[in-house]
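In what comes next, subunit A is part of two complexes: it sits with subunit B in the first one and with subunit C in the second one.
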Partner chain A sequence: MHCTPIEHAISRRTLFGAAAATTLGMGGLGGLVRPSIAKRLQSDQKQVLFIWIDGGMSQLESWDPKPNTQFGGPFRSIQTSIPGIRISELMPKTAQIMHLLAVDRGVHTQDNSHSAGVGRVNRGDPKDRGVTYPYFGSAVANLLGPGESGLPPYVWVKPGSGGFQFKDAGFLGPQYGALAIGDGQAPDNLLLHKDISSKRDDLRNKLRVLADERFTKTRSSRSTEAQGFVFDTARTLMRRSDLFEPADPKDKERYGDTPFGRDMLLGKKMIEAGVTFVKVNSYGWDTHGDNFNGHASLMPRFDQAFATLVTDMHESGMLDHVLVIAMSEFGRTPRINGHVGRDHWPEAWSIAMTGRGIRRGTVIGKTNKLGTFVDSEEHDIGAFFHTWFHALGIDSTHDEYVNDGQPLPIAHDDMAPIKELLA
Partner chain B sequence: MIADLSIEQLIEQYKPRIKKTFAADRQFVKAEFTNDGSHIVTVGYDASVRLWATDSDEPQQVSLDESHQGWVTGLAVHSTNARIFTSDSFATLTCFDYTNGTLQPVWSNSEAHDGWIRELALAPDGKTLASVSRDQTIRTWDPNTGNQRDAFQGHGADIYTVAWHPDSTAFATGDAKGNVIYRDAKSGAIKKEFDASELFAVQRLQDVGGVQSLTFSLDGNTLFAGGCKPNNGGNVQGVPLVFRFDLAGNQPVERLELGVSSDVYVRNITMHPDGFMLAVTNGNPGIGKLQFHRFGDDKPFYVNSKLLNCHHISLHPNKRDFAVTTTSRGSNGNGRPLKDGEYVGSHSPVHVLTFDPPAEEAPS
Partner chain C sequence: MLRQTSVAIAYFCLCVVICASPPAQKQIDKLIKARSPGKLSDISSDAAFLRRIHLDLVGDIPTAQEALEFIESKSSSKRIEVINTLLDDPRYARNMAERFNIMLMERRATNEHWSEFLNAAFSENRPADALVRQILTPSASDTENVGANHFLTSRLQKIGQNPTDYPGLASDIGRMFLGVNLACAQCHDHLFVTDYKQADFQGMYAFVLHSYIRNDVTYPAIGERIMNKPLVFSSVFGGEQTTTGPRIYMGTQFEIEVFDKGNEFAVEANKETKEPAIPRFSPLRILSENLPRADNHQFARNFANRLWFLMLGRGIVHPLDLHHSENEASHPEVLDILESELITSGYDVKHVLRIIASSETYQRSSSLPKNTTSVSPTSFRSFPTKPLSAEQLKWSMLRATGMLPETLTRSETESDPEETKTVIPTDSVDMSAANQKFLEAYANPPKEAEIDFTPSVRAALFLLNDDLVVSWTLPASGNLAETLSEMDTKPLSKHLFLTILSRLPTDDETRTIENHLIEEPDKTTALSNLIWSLLASTEFATNH
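Coming up: the complex of A and B.
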């Protein structure tokens, strides 16, 4: 069933109402979807933890090893907790929790450059309709809304600087951009200035809301609503400075005393606090040179944090409502270059996932003997977007965005969910 | 003595030329001359050990062994008999005899380490074999039987390289974090520790660099450690660097930069008995350098940048010839290198070079 523009208009009003309600701590749903869908999504909270391995993790040194072949590299494969399934020896902890994961080894995407590939993959590579589609995080923030926490719906935990990244939102508008938390540090000015009492702050905020309402009576409301939305979520975040307190030393040790371990812990904390979509970013995986020594140190650090996070979320029951995805913009070439590196390879690579709506203990897709090409049905990123939306209870084959009256599919209209990955 | 020669005279005397080149359709890590120079042994990424006869213009592969697994990166040639030692990334250590021009296994140990055996070195007197591994241990072996003698620890990091002192009583090992340890071979007692940590950096989640090559001066007074000063991880870049340590002290007596950031690693160093160092670098795809450096000079007296992505250098027993293991042109790229519909890998031309001038053409 397709949504009509009228229905979208209603749902957009629902969104705006929800944004205001958030100020009162009531939560709300994002909104370019029909109210009936919104109601359905509201019935249980769904969240996403998206682990972005920037630069391109080698599938041959991780999920799809080909030891003892021309391009297989130096590392051995090891048995996992799924009988008959082996992964790289560089992931011993993940091997033990493989029964909690779903891995697709038949990923085939279209771009072999970072500049185009990152955006294309993050947007689900939809058909070109002359608009800039949102990144997955912005899409989920819009479709699922901020939840009851009132926290920013899309938080990006990353090394380096923080700030607000509105570009991810594409046509959805800046309110669905990402609040980036850099180096695990709280955003600047998180705490109320000591000279401002909470009463005074509340009064100021009421004044802001009144001013916004008056302003939007005679002008386009979109940017004002976006600003109000961000303001509200920021105020909620200000009340949660506990999220940025130092991690328990034991947790630090379990996740690994690395920037990635730190960020995975913070990412989990954000999910526990109710953030709808958390992206945790690891940089430095573009191993054109010294790929094997590079992965020999990169992979165990990924392995420790990833396996610990999935185990924790499984034990706490969080995997029942949190979709977890680990991926890059592409894999790496089977061919080994003269700098003992691997280059970019979108032809045949792997994506791992678990949690909400995902069939755990599943490995699908197959590459050929040398790992050069997919030897089963190829799955492009559009099919994964369908799969993930379905896992979150969003019918991506029917539901649409509406952008200024233009209906737009939320995922590639020629693709469909990968059923084998769905619970 | 070369100390008295001008740079022009050095170049005139030691400017090499390529005598012959050979390759398989696979990638090699090392090509090493046998002790009589009659053969070259290659090892590489396809787990093969290959024996090549060098007596013809086109070196011929005369024997192939495929019993190893993963990558074969350890290769040591006996100095007096027809035996070689090889090791792989799946932890197997093997001894071959090639007396009849065929590789015949003498002994093999499939659990010599717990993981990748990075490098092997045989003591100059031929009595002890040393292996270093990703399992952070050094092990010594009886080369005749394959029995383990000792296991030494102390690095706390993946150990990349090992070299014996010329007197065969001690060896040095270098690790992924830039530590160099010089120890007694029998007791394992540490005689010296050298800080080459400039060859290492942590970039984001990645440990970058490490000691890529070690070698002693022929008089045994000096130890050379090669690698690069890493600028970044991922696509590793860094100025190729060699430290020269005096065994009597702890600090480097010389620090040689052998190029620019795109030249990256000094992969291998060999000493020429005439008193200079031969080194090869392995940088961005298509970039590699062969360099000759006289000690005390502030720059190499010879640099050849036409040999692409050099991995190893091996001096012929005649000291006039040497082999350099390189990489094929166009080894990198993000696209699909298809040839007749098949996915094409890189390969490793081995160039045999000589200091000798070309033979004069016979008078007609």
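Coming up: the complex of A and C.
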């Protein structure tokens, strides 16, 4: 049975609404509700923390160094906690937790441009069917749903501007876009109006709900459910304004008091609050010039925040529930250009991951001696999407989206999960 | 003599039969009823009808006084009278300009010349074919219909390093003015819609490929370069190369007129004024002359379908840009009638809206028929629950809270017809700030059509916590909150509901107000809560 566009659009929202309405109740939840990590573990909610390293992190200055070779550059490699595996000396903290990670050094994708490449990689570069596929975050938000937190299912922590961003959602529609939190700032109008007490807010909301109950008595409930859902989500966000409060100074020190460090801390908070998919952005990696100084400056901040986050999640037990991914849109050229920089290189680069469903302490894929091309089995981004869906318990070979009656595979038709990365 | 008489009588009877054929709205109602799978909803209450027709025609709710007078009026022709009154209301032009802007521009950046163009067009009830012709005509150097080209120029704006989106423009012309979305037929025949061929897309594409945004003028204006050969294309799936000249979907190709070098321009470029050259062969001019024409059925069919959508919340063909043989119209004969009325009336928009508004189908309640739990939206047997646009919400919330001065009434302006065209005064609120905030809260992001009721979290946060609307619920200079503060419960309840929801309250609702006034002893606070809760209700947020 095909869903007509109108019915399909509203019934997705109804699905959202039903889940939120039953768990949140209506009004009377004054004060903070702070779910503990223990509660989160108990619920075994499937979640994703997606670290987007924007611009193209150099695999030669991170996961796959080639010191003392023609293109190796000035940095050395260091031993990690996996015997025989060495990574760049710029990532000492990550080296110590290598046994928690899985890295594929044999990544080969198709697009070397930011403008098209970012989109293709974030969408899993599926076969062109004339529709705009959703980004991974929107896809997971749609496939897994918002969970019980009542918070939006897809939150994007980034520097710069915030707000509700619909671009990522593609054909899934604006409700699967991201709530972007820019510079750690709360969304517009998040804080309760200064002249309205929490008690008064509950009262006016009760009146609103009563009005809607009367309105829907003789009508289909779709509209009031949709309206109810957005007010419930808004009020949940308002009650979780603590998520936007300044971080504990001790945590800030451990993660690094840098934009990325602070955003990783906020991202972890969002995960602990029960957001299904959290994307954290790091910018500045497009080092066409002065690549080595650039990475020397950027890598330590990444290293500190990333290693601290993975360690924290491992120690709390969250790592078994949350899929963690760290990647860029491509790697960087082995060839060093005239500006002492590296250019774009989708032909051979690395992706790192850990967490739910992922094998720990494994490095697969090999590039050749110079790091120019993949020597072993290559993997395109479609295979990673299969792998990640699989880790999340989603059957990527059978599950489909239905867009205006058109069934669409959720990952590239011709690819499959990478078994060696799965637990 | 007898024979002539009987022939005359025969003709007379025939004429009576033809002339007595039921009005279009009755025919429409009969056809809707005939296809209905079950009971129809009752006709809506007067209150519901009045609010609905106000929102649809003038983009604003009625005043409490207008609502009460209408509810209490015993006139059997009050509904048709209010339809006619509103079609002549100065707010009609503003509302139609806003609604067509949303439909045609899908929230791309606005332009004041474009707004003025639309306002003027609806003020004069400009025929639909003239409207579309002006939108598609590459602009002349004089200042007639300045702003009309914004539809075209906005699609040609360069975004970053992306190439100019000529395919997007070609698709959008098809979508908006022919009701066909050929975007997925650019590189091959459409994979799912057998009617849409690559040749169809390429034919439309040929009209726009040589156009560009003029930079010698400050208003939106299109220029054209020389086109002297057809487009060559082939499917990405392989196959022969074909060529096409400009061709309107379902039409025949236009021959490309080639002129000798040096003779290609009808008007040479003007080096002083920087006005560009105008080629003798102008594909866009051909498009503007041939697309909106009676012999191009798809133009009238699409336009009529969109007018139905504006009133009924769903096209007879739906989605609005997907007319094809496998996407059946829910009521093809109804669309035939509307299409015919549009053409025979000379593309009179008000005429078609009047027909739709006068129908029982439009006037049905949005409450479900007895013993029915759901109705299919394609049946039109209930009136749907339609969204309000950001603009309609703004005007309605201003009206509801009493923050908007009374509109010019018809009686005031009868003496001066020119006055009906002026902009409604709105000096009690910072309108540009209000416009900005309502658009941010309620408008879709660009290129997302606004079709269904899809409330958002950001809109909820806006209503909950932004000071703008909250401040309107507090007493000030003759507004609703102040008026209510001087009333006792029963009249208070009546006035509150008439003002905000345009209807009388039930006893239950009056009791709720009574209780709230007790549980919240501060009257200002209590009234603010009551006003707010109704503004935030689904009943207010929708057109039902």
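Assume the second predicted complex is superposed on the first by the 342 of 423 C-alpha atoms of A that agree within 3 Å, B and C clash if a C-alpha of one lies under 4 Å from a C-alpha of the other, contacts with A are read in each partner's own complex, and residues count from 1 in each chain.
Convention: a contact is a pair of C-beta atoms (placed from the backbone, for glycine too) under 8 Å apart; a residue touches a chain by one contact, two chains touch by 3 or more.
Just so it is clear, the model here is predicted, and its values are computed rather than measured.
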First (subunit B), second (subunit C), both or neither touched by A:S223: second
Contacts of A:G289 with subunit B and subunit C, given as first, second, both or neither: first
Which superposed partner A:R204 touches (first subunit B, second subunit C, both, neither): second
Touched partner set for A:Q70, first subunit B, second subunit C, both or neither: first
First, second, both or neither for A:L191, with subunit B first and subunit C second: second
Which of subunit B and subunit C A:G341 touches, first, second, both or neither: first
First (subunit B), second (subunit C), both or neither touched by A:K366: neither
Subunit C contact footprint on subunit A (complex, rising order): 4-7, 9-10, 13, 115, 129-130, 152, 163-164, 166-167, 173-175, 179, 187-193, 195-196, 200-201, 203-205, 207-208, 210-212, 214-216, 218-220, 222-224, 226-227, 229-231, 233-235, 237-238, 404, 406
Complex contacts: residues of subunit B adjacent to subunit A: 26-27, 45-47, 69-71, 73, 89-90, 115-116, 134, 158, 176, 203-208, 210, 233-237, 264-265, 282-286, 288, 308-309, 326-328, 331-337, 343-346
Contacting residues of subunit A [partner subunit B, same complex]: 55, 67-68, 70-76, 89, 112-113, 159, 258-260, 282-290, 293-294, 296-298, 301-302, 333-341, 343-345, 347, 370, 372-373
Subunit C residues touching subunit A - in the complex, by the definition given at the top: 160-162, 183-184, 191-192, 314, 318-319, 366-368, 373-375, 377-378, 385, 440, 444-445, 448, 451-462, 464-467, 470, 506, 508-509, 512, 516, 519-520, 525, 529-530, 532-534, 536-539, 541-542, 544
